[in-house]
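Here the structure is laid out as structure tokens; the discussion comes afterwards.
Order of writing sets the chain letters: A, B, C and D. Residues in each chain are counted from 1.
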Amino acid sequence: MEGLSLDLVVLQLFTGLALGAIYVLLALGMSLLFGMLTVVNFAHGAFYMLGAYVGIMLLGVGFNFWLCLLFVPLVVGSVGLLCERFLIRRLYGRGIDYPLLLTFGLSYIMVECVRIVFGTTGLQFDTPDALVGATDIGIGYFPTYRLFVIAVTFVVLGLLWLFLERTPYGLIIRAGARDPQIVRILGIDVARVWLVVFGIGTGLAALAGLLAAPLQGASPEMGNSILAEAFVVTVVGGMGSLVGAVIAGLLVGVVVAMTSLLAPEMAQVSIFALMAVVLLIRPQGFFGRAGLMS
Amino acid sequence: MLPPNFVATCKRHRVVLSIAFLIVFPLLMPFKAIAVNILIYGLFALGFNLMFGTLGLLSFGHAALFGAGAYACGIAIVHFGAPWWAGILGGTLGGMAIAALIGALAIRTRGIYFAMVTLALSQCVYFLAYQATAWTGGENGLRGVELSRIAAFGHSINFVDPLTRYYVVAFFVALALFILSRILASPFGAVLEAVRENEARARACGYDVRATRFMAFVISGGFCGLAGALQALHLSIVPIETLYYQTSGLVVMMALLGGMGTFFGPFVGAGVFLLLENLVSLWTVHWQLFVGAAFVACVLFFPRGIWGTLLMGRAK
Amino acid sequence: MTDVILRTEAVGKNFGKFRALGGVSASFPRGALTSIIGPNGAGKSTYFNLISGAFAPSSGKIVFEGRDITGTAQHHYAKLGIAKSFQITTVFPQITTLENVRIAVQALVSRYNVWRPRAAMAELVETAGALLNTVGLWDRRERIAGTLAHGEQRALEIAMALASRPRLLLLDEPTAGMSPEETRSMMDLIVKLAGERTVILVEHKMKLVMGISDRLLVLHHGELLAEGTPDEIRRDETVKRVYLGQREH
Amino acid sequence: MSHAMTAQISRRTLLAASSVLAMPAIVRAQDSTIKIGFPVPLTGPYGTEAKDQVACAQIAIAEFNEAGGLGGRKAELLVRDDKLDPGEAATRTLELIENDRVSFIAGSLSASVQLAINNVAKQRGILFNSISQSDQIVALPDWSKTTFHEAMTPYLTAGAVGRYAFKNFGKKVVFLRADYAYGNEMIDGFKAAGAPMGIEVLADLRHPLGTTDYSTLLPRIQSLKPDILVLANFGRDQQISIKQATDFGLKKTTKIVAPILLYTSRLAAGAQAFEGVIGGTSYYWGIEANTPSAKAFNDKYRKANENRVPSDYGALGYAGVRSILAGVTRAGSTDTAKVVAAMEGLKYDSYKGAQEIRSCDHQSVQSVFIIESKSKDMANQYDVFNVLATDAANAENLRSCKDEGHA
């Protein structure tokens, strides 16, 4: 192969991790929503896209990128809260089909609204000045911004871990993700927990979108293709499992990176082939509960 | 919603009414090609509904079955010069063959995982077709599925004429409807109900649940394959998008919109979806906004789907 | 030696590290009504699920009419001549009572016929009707099964189990959750059925089965504690200590 | 908005209304109107380009009508949204032919869509003038007597850009192509142009269509140290890959070359991203300085569109419709066979200098402009490219009709 070396393979691993970091953030939210609310969120890609555009909007009114990192998840998470409160809440207990159809419709609406406001062409999103360029990571230069994406993801994972392990809400959410019945039995105000979960899930998707925007710009369709990939990651990790989402996200990122190095034309199919193989060997994914939703 | 005696009358004469409807339908539509599309997508949704509505298994890989039918028919005609009927037969069998392949692997998973395995396998089919440019035309799609005249019953029929094309397609759709109603009324149809209702009991009764599911998936593949073949003949091309996962999503939405588990629901869903898209896109480029809003409204206010809601209204 | 219809040879079951059932060896004579009893957690249900084929055993083997049927898929049991009712009521809830039984009867005749109209198979409806008569549900035939009373659903389940004309009928706590009247008519039904075929019954409430059983098997902590006629069991000191004593003071 | 457009929209609204009432949609315009169907992707990622194509096509219609039409018969444009989907395009084409009874069709933006439209149109003997790039549409078996191709072919574009780039920037080349017909045809064109010049292909890499992350490929390209990186991709793929190549610092050592630089992409992406990138185009408004027909076309566009300037893809919409109407005028008839005969060998200068429709494959022989993205000295907001060279119209630069399978 032309230009292939060990250093390149290691660099590619890092690239895979950066790619995987975005998947992880998306899949975490998706897995939370599925585990807690049994909502298969077809609008997850749209929330991701919204994250990028809200970032552009906030930059436009004078925010800097660092503030965006904080405010974009808050703004989009609030949109998520509204959707849960006024639309999705009415569908709980009606099986997975209805939220699925509703969020599918919702994604159409969100994408079209963004087209109306921001146009169809897609917009550029400049890398923040402090993160432009490449950093020597020992085996070669690697774009600083991508290292930053990996770092942010790990920080978010840490915060999420603290939240889930150290706060009463977290305890309820963890219990609920394992067995939604328990939360109901314990007589907790489930409605509020669900609301919070929806906010966190969509906020994470928005953060992923914001982080991806300097890499690829923003376009109304950016959520469509990544939605399928996020599904793959969630399912491979095991739906409802947060650890699974993290491991599968990074794994899928690395697999895609490696196939695009060795057999680029297979890069797109590799992700689905991986999912098919995993599910045929272990039908519930890495960490999923067997028989879930069956 | 509908007076009960009217419904009862309709039910008694539903074969006659269906045929009458198929005859006048193209005259009610804005143009013939969309009437044909509605029939084809309705048939596709019907095949999908056999898994989802009748058996309770949500497949996200039905694009592969539909696309396999379209490509099998197209390739038979373009590369082998097959006659039109062989194309249709080939498409049906092609749909069944891919269904057998995907089914053999996927049928052991359940629920949401079944949806995801079928999605993954159908995406694999998509990428294979994408790469096999010599046979499928790759990204450009397969062109040249040109059928100008078809010979049947000693007559040569002008397939280019829009109304004639509609009636040819309608004939096959009616045939498929007849076959499906036979299947649903057959002993196997009872087994499908049993498996959906209570898997453990069905097994204890002596039914092989996996084999039943597999067979239903293959039959579903036959209907979807037929729909694909008809689409190839209707459009004279097979777009690669036919195999893409969004086509699977589309058929799920159509079935849900119409009312899953109802016999005519899939057709109603396909019709409403395509008409809505067509009409709204005539006066605004932001048609997706309205289609999306219609979905949300449907879920909130007509959770049984349009046809399902109409049927419920009469049951009250 | 009496004719043995079913025999288990040291069957055991592990769930992960937990040993739910040690090696249980027992024989069930043809034509008899045998009850399996034991306190909660004794392994009754596990044993039932092993002999009814719901789980494959971790060790040992199961012999039916001289044939090793260990590991046979569940859906083959009906054809072998074994039928069962579940501990949790298991019918087809959205279908009529008659159609429930008809589907069960159909399993013997036609599984994959996609063309013949169901309606044309009148003999199946007849058989189903007869079975409903047997369990006393004939006048409920047009009701949707899910709307039947609990006791009626259990009876329906037994009618469905009988549809395969089993030589061996396995019943898992058939009176669970029933009112006293329902329990009484269910016990009457079981006695009636036991007159024509072999019945194995798992029951939690020992008193219920003492009067009707030909033989009893007592399980405790996943082991076979004792077996014998009701009288023998009543006299058995070990059984008294771990089971009767426990329940009746 | 021009008069014809408004008239058409009201007719469409009527059509929509009548269908809502489930009435038979027998709304026939006067038979004397010359109807031209125009399917373009109004929704989706190329909506901006498509809308500009409609605006430009309306200019061609207006010109024709103002000049008296065909003995008083006016032309009318029937715009349809093909949604960038070949299946939808085929359906819409059927609608245009069977329901609206159009005489001609122009339009399409993507390769697969134009082949779909062509397939439906040729089966029904309707003349189709494609305004999207493809090598296959002018070759057998896709081509037919009624198939015309107004746009450049990838072979022509890539050849022109290649000849310029290999001469000026070096011979060590890495190709990165989107793995579909457009990318493959472009690379074939570059290779054909480069072979006689002795280029050295260091790597020929592929990426899937719609890739959003090129970071997996870029380190490898960097390590090869090429003189030229050819990006044979389009639209968003192109935008993202150029952006990420810049992030990886590739521009320091390597010239980035793309077969087509889209005016609309460049406007949307901004100067920074495209800085110093070389590419080709079928049209750039700036050629008006020394091309009178371009000046005339731009002025008409400015007048109708608030002083903006037409985009490259938009201009193709104008040319596509105009060539058909020129054929109609020349034939003095709307009869397909007569118009085909009139268009074969047609010499015209409608907006970019001299062009000719090659008789054997109905390909428009035309010039290619080599442009470079500007980042300074811009005269106004539309001044985004420098025209470095013009690859003059020459049939020699096209694939020969024999290679395309024509007898």
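Definition applied: a contact is a pair of C-beta atoms (placed from the backbone, for glycine too) under 8 Å apart; a residue touches a chain by one contact, two chains touch by 3 or more.
Quick caveat: nothing in here was measured; it's all calculated off a predicted structure.
In this assembly, the chain whose C-alpha centre lies farthest from chain B is C. With centres defined as mean CA coordinates, chain C is found 49 Å away from chain A. As a whole-number value, the distance joining the C-alpha centres of chain A and chain D reads 37 Å.
Work out the mean CA point of chain B and of chain C, and you get 43 Å between them. Each chain gets a centre from the mean of its Cα atoms; for chain C and chain D, those two points are 75 Å apart. Within chain D, the positions touching two or more other chains are listed as 43, 47. With touch defined as above, residues shared between interfaces to two or more other chains in chain B number as follows: 286, 288. Multi-chain contact residues of chain C, defined as those touching 2 or more other chains: none present. Every pair of chains meeting the touch criterion is listed here: A-B, A-D, B-C, B-D. Here chain D touches chain B in the complex through residues 9, 12-13, 15-16, 18-20, 22, 24-25, 42-43, 47, 81, 83, 85-87, 90-91, 94-95, 98-99, 111-112, 115-116, 118-120, 123-124, 134, 136, 141-142, 180-181, 209, going by the rule given at the top. Those residues of chain A that touch chain D in the complex are listed here as 2-5, 8, 11-12, 15-16, 18-19, 115, 119-124, 126-127, 132-134, 140-141, 143, 145-146, 212, 215-217, 219-222, 225-226, 256-257, 260-261, 264-265, 267-268. Those residues of chain B lying in contact with chain C across their complex are 182-183, 185-191, 193-194, 197-198, 200-209, 211-212, 215, 219. For chain D in complex with chain A, the residues that touch the partner chain are 43-48, 179, 202-203, 205-208, 210-213, 215-217, 219-221, 223-224, 236, 239-240, 243-244, 247-249, 264-265, 268-270, 272-273. For chain C in complex with chain B, the residues that touch the partner chain are 73-79, 83-84, 86, 90-95, 99, 102-104, 106-119, 121, 157, 160-161, 163-164.
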